[in-house]
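Order as written gives the chain letters A, B, C and D; numbering starts at 1 within each chain.
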Amino acid sequence: MTENDPEQDTLSKTTEGAPMAIVLGDNRYGKSETRVVRIVRDTDRHTLRDRNVSTSLRGDFVDAHETGDQAHVLPTDTQKNTVFAYAREHGGSAPESYAVAVADRLLAACPYATGAQVRVEEYAWDRIPVGPADDRRGHDHSFVRRGTEARACAVTVEGRGDERRVHVLSGLTQLTVLKSTGSEFRGFLRDEFTTLAETDDRVLATSLTAWWRWGPDHPADFDTAYETVKATLLETFATTYSRALQETLHLMGKAVLEAQPALAEIRFSAPNKHHFVVDLSPFGIDNPGEVFHADDRPYGLIEAVVRRDDARDDAVAWRDVPGFC
Amino acid sequence: MTENDPEQDTLSKTTEGAPMAIVLGDNRYGKSETRVVRIVRDTDRHTLRDRNVSTSLRGDFVDAHETGDQAHVLPTDTQKNTVFAYAREHGGSAPESYAVAVADRLLAACPYATGAQVRVEEYAWDRIPVGPADDRRGHDHSFVRRGTEARACAVTVEGRGDERRVHVLSGLTQLTVLKSTGSEFRGFLRDEFTTLAETDDRVLATSLTAWWRWGPDHPADFDTAYETVKATLLETFATTYSRALQETLHLMGKAVLEAQPALAEIRFSAPNKHHFVVDLSPFGIDNPGEVFHADDRPYGLIEAVVRRDDARDDAVAWRDVPGFC
Amino acid sequence: MTENDPEQDTLSKTTEGAPMAIVLGDNRYGKSETRVVRIVRDTDRHTLRDRNVSTSLRGDFVDAHETGDQAHVLPTDTQKNTVFAYAREHGGSAPESYAVAVADRLLAACPYATGAQVRVEEYAWDRIPVGPADDRRGHDHSFVRRGTEARACAVTVEGRGDERRVHVLSGLTQLTVLKSTGSEFRGFLRDEFTTLAETDDRVLATSLTAWWRWGPDHPADFDTAYETVKATLLETFATTYSRALQETLHLMGKAVLEAQPALAEIRFSAPNKHHFVVDLSPFGIDNPGEVFHADDRPYGLIEAVVRRDDARDDAVAWRDVPGFC
Amino acid sequence: MTENDPEQDTLSKTTEGAPMAIVLGDNRYGKSETRVVRIVRDTDRHTLRDRNVSTSLRGDFVDAHETGDQAHVLPTDTQKNTVFAYAREHGGSAPESYAVAVADRLLAACPYATGAQVRVEEYAWDRIPVGPADDRRGHDHSFVRRGTEARACAVTVEGRGDERRVHVLSGLTQLTVLKSTGSEFRGFLRDEFTTLAETDDRVLATSLTAWWRWGPDHPADFDTAYETVKATLLETFATTYSRALQETLHLMGKAVLEAQPALAEIRFSAPNKHHFVVDLSPFGIDNPGEVFHADDRPYGLIEAVVRRDDARDDAVAWRDVPGFC
């Protein structure tokens, strides 16, 4: 007789008699990538929130792992239903506000959970321009997907009542930017495997992922805050000279923190999307920085945090946010 | 001794003595997905052409297949070099013009080829807005990727000299659009497997692929023509009521052909990206077309051609363009 | 009043009075990528059919396009239901047999259709090996996904009764193979853009897509036929010397047609997945064909048909099968 | 004059005079996804190591971020060269051994680095079977890609000389497994958003990612250890009854730790790939667990650690390994 199931299966590695030295460590569970679209149609001029929502719970779920007893487990199917149901009341607001509402609800529904994390990716749509050339306006209910990037947030709520703590990260992924000049790379460390030539004029391109963490004072309007941070990131990238992607990211982070006092830190993950000047000299053609090969792999990957000196650490906020130093 | 190679390999299905009933059929070869970025830096205000270029040749390449003799084969590596080298002189112009130049060159370089096809995907970039709020301008050399769609063209040149024929398709892929109302689906055929309810108000969304074929008179400016066709597609999608995705595509095609006399036909491939109204009634919540689940698979797929009645067929233009009826 | 909808939308490009020169061309519609898994559990030793099924109809659907009238349209949702319902009775048999059954059903359900195409991708699973080392056996109901390739078929049925014609393609996609020697590439055509060095020992690798068309005599057992054709493709790739990917594909095609008299033709689409020898000489290290860079893009792309000389053409079978010459 | 570059760019957010409260936090940089294939051809019977290698360094790189000075930075291009050069000598051994060699080399080449991480994904290939039916053997130099999963390792070396510490994680990704019976889900927590029915017979499927951490005593042969751990994971999945994916993962983890005394812990990330029984009752057809819809999104996601009670924590080993609790 095995501890698992005597009738249906055949593995029987008995562990009886031995001191049970093997234990459950950290764990979480949830429902990932519920694709919910919320149309706000209070007037004929509709608005659209197009989201990919992932939820997870941490807490006392030992029995589910060790004995298969599900009494503490709020099913991931229920978490999905909650994502949809809460989209009805809260889905028209900023993703951060919606995420807080869902996280609070999951904690209320599952007393065995100690923390809930809700992550949202939001995809932007523009109104389709219609009308005569001298009076173009955005259509009331017809939209076209904008940009390659996704807005993102990751909200973690821990505790209840007086113990309740809300950790809010906002961010974006896949913001793809390129400078066709104003970038150099030289003066680097060399060893016997170094063949790279120094350059004082190169293409700099990245597909940026950035997350910024709000301190205790959240902005009144997360939507406006997002647009402002994104504009600062873009403008700093555009208007600063780059001695390395590291320096550019640092300048971008500083500019954001200077403009947004409520932010504690910002983190970047930035692939250096290499654009190699093509050697056309075998064909008797010069190439003064005009024809490039955009390579796929490998790529440099730069990850860095820019933070206020006095900001307290917040490991809980960043836990489970993938792909970051 | 096998016909292939006696020394290195071991398969020896001799076919000697038998009448050779097995022959080479249609074939082509080329280099796919050369990622060339052309920066035009004649002035400090740079422009950018970001492209994915695929070339292929048809012609007399029987020996390469039947005996391994490569004397007729212009290597795909050379085709790649040509794509880069021609980007220096022609890469700043419209993708259609560049594709014609490359196709002509490949035919000139390979006398055994009877036809060359050059396909281009082009990715749009916007200038990053900089400057004070009352004087925002696009930066000279810093850009951000725009949109999810790619502009495309497929140019086929057949013959040389007086026999030379140029076939030009322009198009776009992954133009993702959505109507939050103004779409119905009802009155359809039913059988015993039909469970779908009729609806007079649904979300209609698609990720459009469209290709349009130019007749003998090409536009003077393919760049402007592209923007005009795209604007017509978008505006027609936005402003027409939809009784089915088929009807909407047909209206879009008619509008384009009416506005562009030089076009012979337009072809659409349009996945019906289903947005299902979520049933919130088990939770006592109504859902008057506000909360939707955006499903991944399966999806409807509608493909259709809209053409001028008197346009001659042009099978050559469409050969090797994937994913179309 | 526009012809489309006067109340809800604003575009009104009237075309009345003008001779309507714009018409509907070829068209089809259907449901793509229904993911159906069929478990045959007649005994405790289950078997598994894991499939991605796409259906489409051609026929008289002019009204759906031109007026929005859906009376001829069997909804794609119904096609999906049919895919599931028919999986109950036919889903345990070979994908080709199942596809014929679904196609016949769709033609029966939609009298306005003149043809139905059913495409299936099937993913292979192995039984998980269990038991003592000297008596390993496959588990009755636990499986692990095998391989990267997918088996495929595309069945087109046209007409009914005496006019009924069944066209069967079988195939596979993404069969990834590599020869670490036994491949050369030399003697090719050169022009002024040619920089490629000749080589008499290179790595040859491809991710093969192949489709083979059955003549009027179908095999009794499509499952066995698939395994036999795949084994012939692999063995021929392995054991023949390659002077070019073209020659290798041709040998593979010949071997398959010689071994399978019921086949009319076979078509290949084969990316030449370049493995470049890395130049380690700057580091004082030789590299006698041992260290390679597996590049992503660009890649050569070879497409070719190998056919019986006397096989009749069958354009209907190949219509709508993407990515092929 | 801005601190960044007065001549080329225009942003001038001066921060002089203010106390600089904004600082660099954690950071790392490296080269990701170098695709190196190592062919061992010491004899005519070649072997193949097909890998995707990512390297990164942590250490004193403040100047690169804050002033753009690259004197401490060993270029990612050099890291790539090192990956290739070291593949010549070490590339034929287990990925873990190769990763340690590369990490040590990077630390030696860059005195400003305090730690190096090398991650490897390795793709398995089988020899193509050839020869007569009663004597099938694997070919000497022709291979076919096996399985969908990738073997993985993540090696972190910190310090030098007596301070040198090596942290080794081995693992796998995308091991896709399915049980067609022997799985239930019931007795779970319910709230007012719960609609899921309990089931005592369902399909359980996942695409497993697992990482296991070696304690101070590494196995003599990482290749054999990998095969053994994978076999234990598969056999336990196959032969144990599942009351939840959590329980199954826990049993798999326990079985691995019991069989491998040198392991300290194992971590799982397992999407619950839902297979929904299709309701065929509207068509008068029963469906006793035979026809399923394999859904894409959303999916449950279970993550858990199984560890020895007395194993010390090792945060360094897990840092930068994405996607894990």
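The working rule: a residue touches a chain if its C-beta (ideal position, glycine included) is under 8 Å from a C-beta of that chain, and two chains touch if they have at least 3 such contacts.
Note that the structure is predicted; figures quoted are calculated from it, not measured.
Colleague: Quick one: compare the interface residues of chain B with those of chain D and tell me same or different, with half as the dividing line.
Modeller: same
Colleague: Determine, using the mean of C-alpha atoms as each chain's centre, which chain is farthest from chain D.
Modeller: Here the answer is chain B, farthest from chain D.
Colleague: Using mean CA coordinates as chain centres, what's the gap between chain C and chain D in Å?
Modeller: It comes to 31 Å between the two C-alpha centres.
Colleague: Distance from the CA centroid of chain B to that of chain D, rounded to the nearest Å?
Modeller: That gives a centre separation of 36 Å.
Colleague: Measuring from the mean C-alpha position of chain A to the mean C-alpha position of chain D, what distance in angstrom results?
Modeller: About 20 Å separates the centre of chain A from that of chain D.
Colleague: Touching two or more other chains, which residues of chain D qualify?
Modeller: Where chain D meets two or more other chains at a single residue, that happens at 10-11, 34-35, 81, 85, 130, 182, 193, 195, 235, 239, 283, 296-297.
Colleague: Write out the stretch or stretches of chain B touching chain D in their complex.
Modeller: So the residues of chain B touching chain D come out as 10-11, 130, 192-193, 195, 282-283, 296-297.
Colleague: Which residues of chain C touch chain B in their complex?
Modeller: Residues of chain C touching chain B: 4-5, 7-11, 13, 15, 20-35, 54, 56, 58, 61, 64-78, 80-82, 85, 109-110, 112, 181-182, 185-191, 193-196, 235-236, 239-244, 246-247, 249-251, 253-255, 257-258, 265, 267, 271-272, 297-310, 319-320, 322-323, 325.
Colleague: What does chain D use to touch chain C in their complex?
Modeller: My answer: residues 34-41, 46, 48, 50, 81, 84-85, 87-88, 91, 125, 128-130, 139, 141-148, 175-182, 203, 231, 234-235, 237-239, 275, 278, 280, 283, 285, 287-296.
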